[in-house]
Every structure is written in C-alpha cells, then in structure tokens.
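After the structure tokens below, expect a handful of questions from me.
Labels A, B, C and D are assigned to the chains in the order they are written; within every chain, residues are numbered from 1.
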Amino acid sequence: MSGSTFGKLFRVTTFGESHGPAIGAVIDGCPAGLPLTEEMIMPYMEKRRPNAGALSTSRKEADKVKILSGVFEGVTTGTSIGLLIENTDAHSSDYSDIADKYRPGHADYTYDKKYGFRDWRGGGRSSGRETAARVAAGAVADLLLKHFGIEVKTEALVPNAIEYQEGDSVGGLVTCRVTGLPAGLGEPVFDKLDARLAAAILSIGAVKGVEFGSGFSLSEKTGSESNDGFAVRISEDGSKEIYKTSNHAGGILGGISDGSELFLIAAVKPTPSVSLPQKTVTRDGEETEIRIKGRHDKSIAPRAAAVVSAMVSLTLIDMLMENAVCRLDSLEKIYKK
Amino acid sequence: MSGSTFGKLFRVTTFGESHGPAIGAVIDGCPAGLPLTEEMIMPYMEKRRPNAGALSTSRKEADKVKILSGVFEGVTTGTSIGLLIENTDAHSSDYSDIADKYRPGHADYTYDKKYGFRDWRGGGRSSGRETAARVAAGAVADLLLKHFGIEVKTEALVPNAIEYQEGDSVGGLVTCRVTGLPAGLGEPVFDKLDARLAAAILSIGAVKGVEFGSGFSLSEKTGSESNDGFAVRISEDGSKEIYKTSNHAGGILGGISDGSELFLIAAVKPTPSVSLPQKTVTRDGEETEIRIKGRHDKSIAPRAAAVVSAMVSLTLIDMLMENAVCRLDSLEKIYKK
Amino acid sequence: MSGSTFGKLFRVTTFGESHGPAIGAVIDGCPAGLPLTEEMIMPYMEKRRPNAGALSTSRKEADKVKILSGVFEGVTTGTSIGLLIENTDAHSSDYSDIADKYRPGHADYTYDKKYGFRDWRGGGRSSGRETAARVAAGAVADLLLKHFGIEVKTEALVPNAIEYQEGDSVGGLVTCRVTGLPAGLGEPVFDKLDARLAAAILSIGAVKGVEFGSGFSLSEKTGSESNDGFAVRISEDGSKEIYKTSNHAGGILGGISDGSELFLIAAVKPTPSVSLPQKTVTRDGEETEIRIKGRHDKSIAPRAAAVVSAMVSLTLIDMLMENAVCRLDSLEKIYKK
Amino acid sequence: MSGSTFGKLFRVTTFGESHGPAIGAVIDGCPAGLPLTEEMIMPYMEKRRPNAGALSTSRKEADKVKILSGVFEGVTTGTSIGLLIENTDAHSSDYSDIADKYRPGHADYTYDKKYGFRDWRGGGRSSGRETAARVAAGAVADLLLKHFGIEVKTEALVPNAIEYQEGDSVGGLVTCRVTGLPAGLGEPVFDKLDARLAAAILSIGAVKGVEFGSGFSLSEKTGSESNDGFAVRISEDGSKEIYKTSNHAGGILGGISDGSELFLIAAVKPTPSVSLPQKTVTRDGEETEIRIKGRHDKSIAPRAAAVVSAMVSLTLIDMLMENAVCRLDSLEKIYKK
C-alpha cells in the first residue's frame, strides 16, 4: 500500500518526491472548528528548514504551505484538508551520476529490489524531503493539542566531542517531552501508546532506535528500582491528586498515558550521504566507488527533531480522539440531551 | 478501539482476560493451503510457558489451543481461523486484596483513569496472560514464513551479575535474528519495516525500547563508520549476487528489507510484581503500602522472547503479503494466462 | 483478508463454519460502561432462530451465546468482547453427496475457484449459519443504540400470492425503519451513511439490492416531486425545530442523517436450496443433476430481517462513535476541564 | 474521519471543495510498472464533463489533471500518486444568496447539524464537483483493469417520456456491465464483492439504490426460477469450461465473482437544484422560499455514469489485489525460487 497513510481517526496521507513538482499531505478527520491559516503552519516548517549552521544542507526551499481545502473563513470545516508544498530548489543534475550506483546507507538498492526500478532523482520518495509534508500535517495536530493544553517539545543532541572529518557526518539523539497529557491515552494490547509512538518515530528514515522513560537502562535494573511509586498530594483546587513519585516509565503504564510527563529518546544515525569515497556496486552488479555530491546535512538530528515532534503530535491527537469514544459516559456528554 | 487487532492483510484479533473463562484469537487473511493442526501450534506455546527455572511463575496453564474454524481436513481454507485457549489455573483470590490498591509498574491506575473501573482479577486484559493468544496466532504466521524459508530466532539475555534480592525481579534483553528474508519487504514512508516491527515489539507490555542493527550506538558514530558498503560475489548457481560487506543497518535500508540478516534488540523492564513492600495509593486516594503475592516471573525476558518471536512473525508475514501486490509483474504472475 | 471484520470504531470480527465446533465474534471498541449479560443477547438470537412456521428450516440450534471476555460484573470494560456459540445440531451427512456437485445459487463454485478447494459441509463459511455471530454482536450494538433512544425495526415481506410448489422457495423484502436517530451521522464522500449501510446489507448472502427512502422510484420522478421541503414547528420545550415536510430521502441528505426516520428496503432472493432437480456440474466438469436435501428455509426473508437489523445496528453505532469526534467542541466536552 | 479514503490495498484519498482553489486525489498502493501519463487520464475526465446537451450544467471546467508524484519517466513507481485539478470556473456569487437558506435535497442542513457550520460556496465538499477527483483516480484503476483484460462499461438511462417542465429536473438509472472479470474476486462475509460495490455506488451523492443481476425482481420469484444452472462447454483451447446457463446473480455468487458478466443498476435521483420555488427555512429557523440559480445538470444520470464507472473500477482493482494474496500457491508464484 506504499505506506503513505498515518493514523486511524486523524489520518494523514502524503505524496511527493524530492525532485518532483510538489509534495503534499491530505488530512482526513481533523475536527471542525479549529482556527487554521497558512501562517500558523509556517513556524513549524521553519524548525525543519536547514539553517546557516555547519550541520545543515545548503538546499533552500521556501516550504510555503498552501491550504487547498478543508478550511473556510480561517476555520477547519471537518472535511479533508489538502496541503501543498511546491519544490522550487531541486537540482537533479547533482544526482545524475548516481542513477546507476547504489549509495551506501540509502534506500537505492532496496527500492530497486522492491519495485524493479526507482526514481533516482534526489532519492525520490525515500528522500528526507518527504518529511516536509509530515511537518505541515503535524502542525495542524500540534495546534489541536495546544488547544487542550498539551505541549510537545523536542531537542537534538549531537556528539560535540567528535573531531569532524571533512566530508563525513555524525549521528545524534532526539529527546521528546510532552507535558499536559491527560491520563488515559493509548489502547490495550496492540495499540499501546508506546507502540504507536514507536511506529511513528521509526518511520523517520534516519531513526534506528527508540526508548521510553528509563528505556534500555531498565534491562539492567531490579523491579524495586524501576517501579514508580504512587502518592497523594493536594492540588490547587483543594482536591486530592494521585501522582507518581518517580518516572522511570516515561509517562506510560500498560500502554496508557498516566498523566505524568511523557518522555522518549530516538537514536538518529549519521547522514548516510558523505563525500568521502565509499565502496559500492552498480545496478548491473559491477563493483565501483562513489563520492556523493549534492547538498546534505552534516547531522540529521537537528532537523529530525522537528519531524519527531510532528510524528509525536500526529500520534497523540489520533489517540486522544480514539480515547474520546472508549466510555459510554463520554458519548453521553455528546449525545444525551 | 481497544487495540485488539494487529496487521493489515494477515490480521489477528485477540480477546480474553487473565481470569476469565478463556482467551483466544481470530486470524483473518491467512492464505488457503497451509497445513495446520493443533499439534503444530503447541511447540510455540511451550516456548512461552513458564518452566521450572528460578525465573518463572508457578502458574501452570496447559495452554491447549483449539482450532474452531478456518481449517478443513488439516489445511487452512482461507477463511477466518478461530483459536481458543481455556484458562484453567486462575487463582483470583490471590488478587482480591489488591482490588483497591494500584500496583506500581502495572496498568491498574491507567485502566481506572481510562475506563472508570477495571477487571482487577490478575490484571484483567493488561495481564501477560493475553500474550498466549499472540503466540498461538504467531505460530500460524511462523509456519507460513518457514514455508518460504524464513527463520525467526529470539534469545533472552538476563543480567546474571545481579545479586538477587529475595522478592525482587530483574530486567533483560531479547535479541531477534531473521534469516532467509527476501529483499523488498516494508513500505515507504509510514509503514517502513522497522516502524511496523517497532510497533509490534513495543506492544508487548514489558518492553521499553527497541533498536535495529547497531541502533543507539549509531548516534555516536560517523557516516563513514556506519554505512554498509556493497560488493559482488558469485552465488552457488554461478550468477552475480550483490551483498553488503557489513550490517550496521540490521537488514533494513530505507525501511525495506535488504536481503541480509534482520537484527533487532528489545529492552525488557523488570517484572513489576515484586513481593517487597512498595508505596502506593488506594482507588480512593489514601496512601498505603502493597506487597504483591501471586505467582510471577522473576524476569519476564525469557518468556517475552517467545512473544517477541510471535510479534516479529506476525509483522513479517503481513508485510510479505503486502509486498506481493506492489508490482504489476507480480500481479501478472497470478492473473495473466 | 477474508472480510471477517466489520466497522471502524465499533469493530466486529467473526469466525466459524456451519459444521465446525463453534462460531463466534470478537467486538473491539465497545465503550466501557454498558450493562451486558448473556441473557440480554438471547432475545436477539431468538428473532433469527427458525420457528415452527412453513417458511423455516428444521435445524434447531440453541444458539446460546457465551461471553468469554470484555465484561466484568455485568458491565462492559472497554476491552474486546469474545462471544462464542457452539454448533450442536450439525448433520454433515446430509451434505456428503454434494461434496463434488456445485449447488446452483450457492457459493460452492466460487469458493473452489477462489481458494482451490472448500469446506463443503453445510456450505462451510458461506452458510447462513455465519449470521448467528452477526446477530450476537448486533445485539450489543443495539443495546448501545437503545441507550441513546435509537430504535431499529425490521419487517419481512414475503409474496403471499405465490402458489407454493412443493420443494421450491420464495424471495421477499425486508424493510428497516430507524427512529430517534440524531442528525449528523455519516461522513462526507466515501463513508456516507447510506454507503456504509448498503455495504452492511449487501454483505448478507441472500440480499441482491437495497434502496433508501423512495429509492428506485426516484429514477422516474422530477426534482420538484422528489425534494423534501423544510419547515419549522415548535417543539415540546417551546423551542423552534426544523423538520422536513416529506421523506423521499429516507432520512439521509448528502450521506448524513437528517434527524427524520431512516428508511430502507432490502431485496432478498429466494432460498437457493430447493429440492427440485437442478442442472449442474461436478468439480471435475461433468454435467449432472442435483436435488438438495438438508434442512432449509422456504423463504430467507423472515430470518434475514434479524440479520438486517443486526447489520444496521452495527453500522449505526460505528458511525455514531465516528461522528462523536468530528467537532472540536465535542472533544472539549470530554477533555476540557 | 470525514470519509475521504476509499479502498484497502489500492487506496484513494480525495480533497477539495467546489469553490476552493483545487481538488485532488492521492492514490496509495498503485502497483509499480503501469504506464501512466496525464493524457491517459483525460478521456475519463471528458466522460464526466458537462456537454452541450440539454441535460448538463453550463459550468465549464478544463479538468486538466496534473500528476504531482508517483510516476517516473511515464511509469508508476509504486509510491503514492498525487493528482491535482485546479478549479477555474467557480462563480461563488451565484450562491451567496443561499448562504443562510437550506436547499431542499441538498446536504446544507445536515452539514450544519454535523459540523456546526459549512462552506456554503457551491455546496463545498458535498458538491458533485468532488467526483472529478474520483474519476481521475478511477482512470488509473481502469487502466490497470484493462491491463488484465477487464472492461467496465456504464450507460445512463433517463426517462424520455417526461414532459420537461422548465426549471425542473429528472432522475434516471445507470447500468454497469463488467466483462473479462476472473472468478474469485470478493471476500467472504463482510467484504463480499457486491457489498463493496454497493458502498462504492451509494457513496455517489445522487444514488438512492443499487441492485445486482435480477435484483429487486428476485423478491417476487421462486428459487427454481432464480437459480442459475451450471453446464460445461469446450473452450477455444480444447479444455472443458464450466459456465452458468443464465445470470440472475449478476456475476456474483456468495459475494465472489463467478467469471460471468458482472451486472448492476444504480438508481439516480433527480438533480435537487431546481429553479422552481421551493419551501425551506433559514439557518435561524425562519420559514422562507428558495429559487436556486447557478448552473446545474437537468439530469445527473449521464455524468453519474462516469462516476459509477470510476467507483466500480476502484472497487474491482482493490479486490483484485486483495484476492491475489488469498492462496499460498499464489504467494509461491511470487516468492518461491
């Protein structure tokens, strides 16, 4: 199915190649009544854009998002929202010499094996360019979350001790913290909140691992060290409030948000495009060498942070909507007179 | 939707609580023509069963799987397969004292917050008991994979240096290796093979992280260290064969299997049920202490290995089927005369 | 995927063959908090059961429904509900002579062409027996609808003027009326309420057509005859209420319920099993004749009415849940403090 | 979810309002390897366009379809296909006087009830304009079907005996015949071929009923009249071929195509937009009268025929793909060496 749709209730379908005329997304299931303009989406696009720093590509896309449908007089109507981003700075000629050579660490080889051929221009559909559409859709999700007081924050950690070899690249980590999340999001068994978030985050090309709360370190701990105890405090309005005294769980118990801060870390591999010479083969099976030109990020982590943020927001709004119909008394609030 | 369905083409829907009369699974989409008997499923159930070792619970379930439908004269018919496993050794009385206390590290609190109340007997739907249905369904998936020469192997690693405190528990790791996997499985963008596997594995209650290939360590490496080069060798039948000279990617490039060994690691948290005293609260918001009785695994990792195996098999057969229709020439093999 | 799952939010997955040990259904997504016992389901099963009348089969199944999960202390918990119905009165020997002959009007031939072979005992998965699982699941849906004041009523119309030829069968119509349905159910474009209902009703084996409101007769009318005008009346609480002055639309405008009575008619073909001799062929392609023994309904319409009712209820509760999340102010009722 | 996605394996997601900047569709799951150009889509758009005849609107859209992605060097790549159609001839001012009046027979009232407000310009998302995106996507589906020798043909029947009243409209029928369809398409139980086709066809705004084969007339017939007998003939290559001696079933037995001609009829209601005065109400609940200006089809049936054709093609290619993975020996053709 080419995997271009994400979500169950708040569904995003994306399209577009690195060097085609445009990329875009269709959001199906956005609730009616959300104020939305093109201007409100742009700050999200800015976070994903390459900046002047040493870690980023020099490809400069305006990433202007056009809203084609689903919004009337500045408010979402409940119908599908078409988002379009034109590609304006694609340099296909940079890639023409690699039409027949498989770039190590890229999807060139696997696309050829899967489909029999590929759009090799700039990586085609497997390019990181595709994530601009995610960020545009993620902006709508994030605006909805903010409406309910939920804040998603990501931060990139790049190993600064690494002596940069000219033409090489580096990996990194992206941390994500979500505050204001109500307890109850996530479904038992297969659609646990962490399961859905893991899929969301591993769907980002450069991510090779994810952990929640104390994550991998828990594999070396005991139960008494790892469990988060419960206690009671008096909240601002004078009522009793149950809270956890620690957060090894990262805000998720049994796949369901527990009302504390959600915390996860994504592992980002180094940008596979390096200009150092690498051993590879041609489509015809001849061994050869490749030096990758083109414009690439030194580390993907900083821009990946914007994409992790988008994917987390898309997942959370979807599960917030799904959770809304899991109780009869919730439905009563909507339907009972 | 309570998240009890897994997969798109090979779909598994499970039901059942720890202390109810039975648990089970319905497989919808299993291809017709696979030899299948109840006996063929039992070895998979054995791997998940607690054994006599120090790490396992003393609850003893026969885990006899009944095939209720979808099989005729020992062969799958293509229609939905009903699988039933009766619960025979449930001791609800062991849990009655915790009906009102939230067990740290468990889903008691979040189920109450989500649904307003919960089936507290043995953890109800959030119990590890639920995974027996996954393993039964996973057996069918694995038999299909084996038919195509694909082998899924998992191994549990438990920290043996830990001085066991009586009444405490330990975490662990589960590694998974898949051999014989053809290149091409996995869909671009959101349904990448690693994304779908990550969801599968994080849907297991005790898992708190997953990584593919060199995983988290890649966040500290350079691109030239991390990329897997391509080379050519002569295969047994005399034809040229492209292969990778290393496997930091863990067998997945751009979300699509590359024909090399698939490798992943899951981080398993310590069994949350420990008999040491823990601070917690009651449903009514009174602080209290809890000592968990009942029968529990010292480390979940060994039994989780069988569940990881099942979830990987379920994911792979689903994506193998999905990949089968992604090319016109594949469809021609089936429909063209 | 063998098509055994129905619905998006309130999802039902069924399994079972006519002459296997049991049939059943798993409901995933039933809201927590609905009172539910096995006794509450039985009246629905009774409506589908053959009665003593001239139109019905003499096969007598108790159709006792066991609830295996998802209910705790008489109330749904929000987790998946397993329903099991044992087959107790299957006479496979009645069918053994037709293992190799294709029954006209049945699915024998098409199952063989699709899957390569079939479970021929009593029609296997294609038997009307399968609908017992739908009715059990439909009962849960209907209880939910009743909670919101929505009533689904069906009636069978069998042509009584037909001089019954011994050993032959007759067709009929099933009408369905739904009262108390709020305006707003149904989604634009592909998931219109009538589209989803049409799929639900045509999924019943014997149904060959469906129409809404004035249906087929509208093809011969003018717009001014067909449009339902709007007017205003004062409701009981003194407020203004908009209503339609006629109902050619059958309660659906633009695929969305308009608050008036929903009305549809399903066309039911005659029972294909007739004991008169019919021309047919064997699996090996030899022409032959067949006389169908076994126990069959003279007209399917009366029992189909119970199945139409179930399918309408399943569709309506699903779309009622889906509609609950289409507006920001609906979500606010659940999440805003 | 606003219902803008159709299909399971060959999935189409559409967006766009009558008077917005553009409408479009994203196809996810189109197999790689199909020759596809914008020119190949245009003949399908032509069939849907209003012509000079007395039955059609005078709105003139070029309906030029732009392919934004998923095609490389004239061949589909297997990734999502973005299709864009700009709106160039929208006259919003024609509609401004009806912003507050509910048009009888339209979705104005139900959209307001569902979402709280609506994009009233030209009917917004509920306009027939939306079907242009379906026809564009249906063209791709139809090209795939043709590749396998499957032909979908539709015909509109408009009641010609009707004395046309100036300013009024008429209903009609659309018949659809499919030849070359292999046996085996359609899934048991809920995803029967006729169930999926019924949903597809009832999702078209003006359609109020559908019947397959002898349809509603079967409700008045006997089984011996209605069943299609089987017989054997010698095919061109000298082999035996099983065929049906009649086709009351319309090419579908037990929800699965039987290899004979597929036949269905859709009932189309009269165009609801008539310029005669009609009784209606305002949003505020004041009774009033409305005369609908704007440009509208006298009968929708001729243009609906193109949409029925598109929806049938989209359904058939989806089920052809789904059927491809229902047998182990089919998968062997793709994966076994």
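Everything that follows uses one rule, which is that contacts are C-beta pairs under 8 Å (C-beta built on N, C-alpha and C of every residue); 3 or more make two chains touch, one makes a residue touch a chain.
All values derive from a computational prediction rather than experimental measurement.
**Q** Touching both chain A and chain B, which chains are there?
**A** C, D
**Q** Select, from B-D and C-D, the pair of chains that is joined by more C-beta pairs in contact.
**A** So, comparing the two chain pairs, more contacts are at C-D.
**Q** Would you kindly tell me how far, in whole Å, the mean C-alpha position of chain C lies from that of chain B?
**A** That pair's centroid distance is 35 Å.
**Q** Return the distance between the CA-based centres of chain B and chain D, expressed in whole Å.
**A** Centres of chain B and chain D (C-alpha means) sit 41 Å apart.
**Q** Between chain C and chain D, what is the separation of their C-alpha centroids in Å?
**A** About 24 Å, centre to centre.
**Q** For chain C, what residues touch not just one other chain but two or more?
**A** Residues 1-5, 8-9, 14, 29, 32-33, 78-80, 114-116, 125, 188-189, 322, 326-327, 329 of chain C touch two or more partner chains.
**Q** How about chain C: which of its residues touch chain D in the complex?
**A** Checking each residue of chain C against chain D gives 1-6, 8, 14, 102, 104-107, 109-111, 113-116, 125-126, 130, 157, 159, 162, 165, 168-173, 183-184, 186-192, 194-203, 205, 208-216, 218-232, 240-242, 245, 248-250, 253-259, 267-274, 276, 278-281, 285-287, 301, 322-323, 326-327, 329.
**Q** Can you name the residues of chain B that touch chain D in the complex?
**A** Result: residues 8-9, 29, 31-34, 76, 78-80, 144, 147-148, 182, 188-189, 320-322, 324-331, 333-336 of chain B touch chain D.
**Q** Along chain D, where are the residues that touch chain A in the complex?
**A** Touch residues, chain D against chain A: 1-5, 8-9, 11, 13-17, 20-24, 26, 28-30, 32-33, 66, 68-70, 72, 75, 77-82, 84, 114-119, 121, 124-125.
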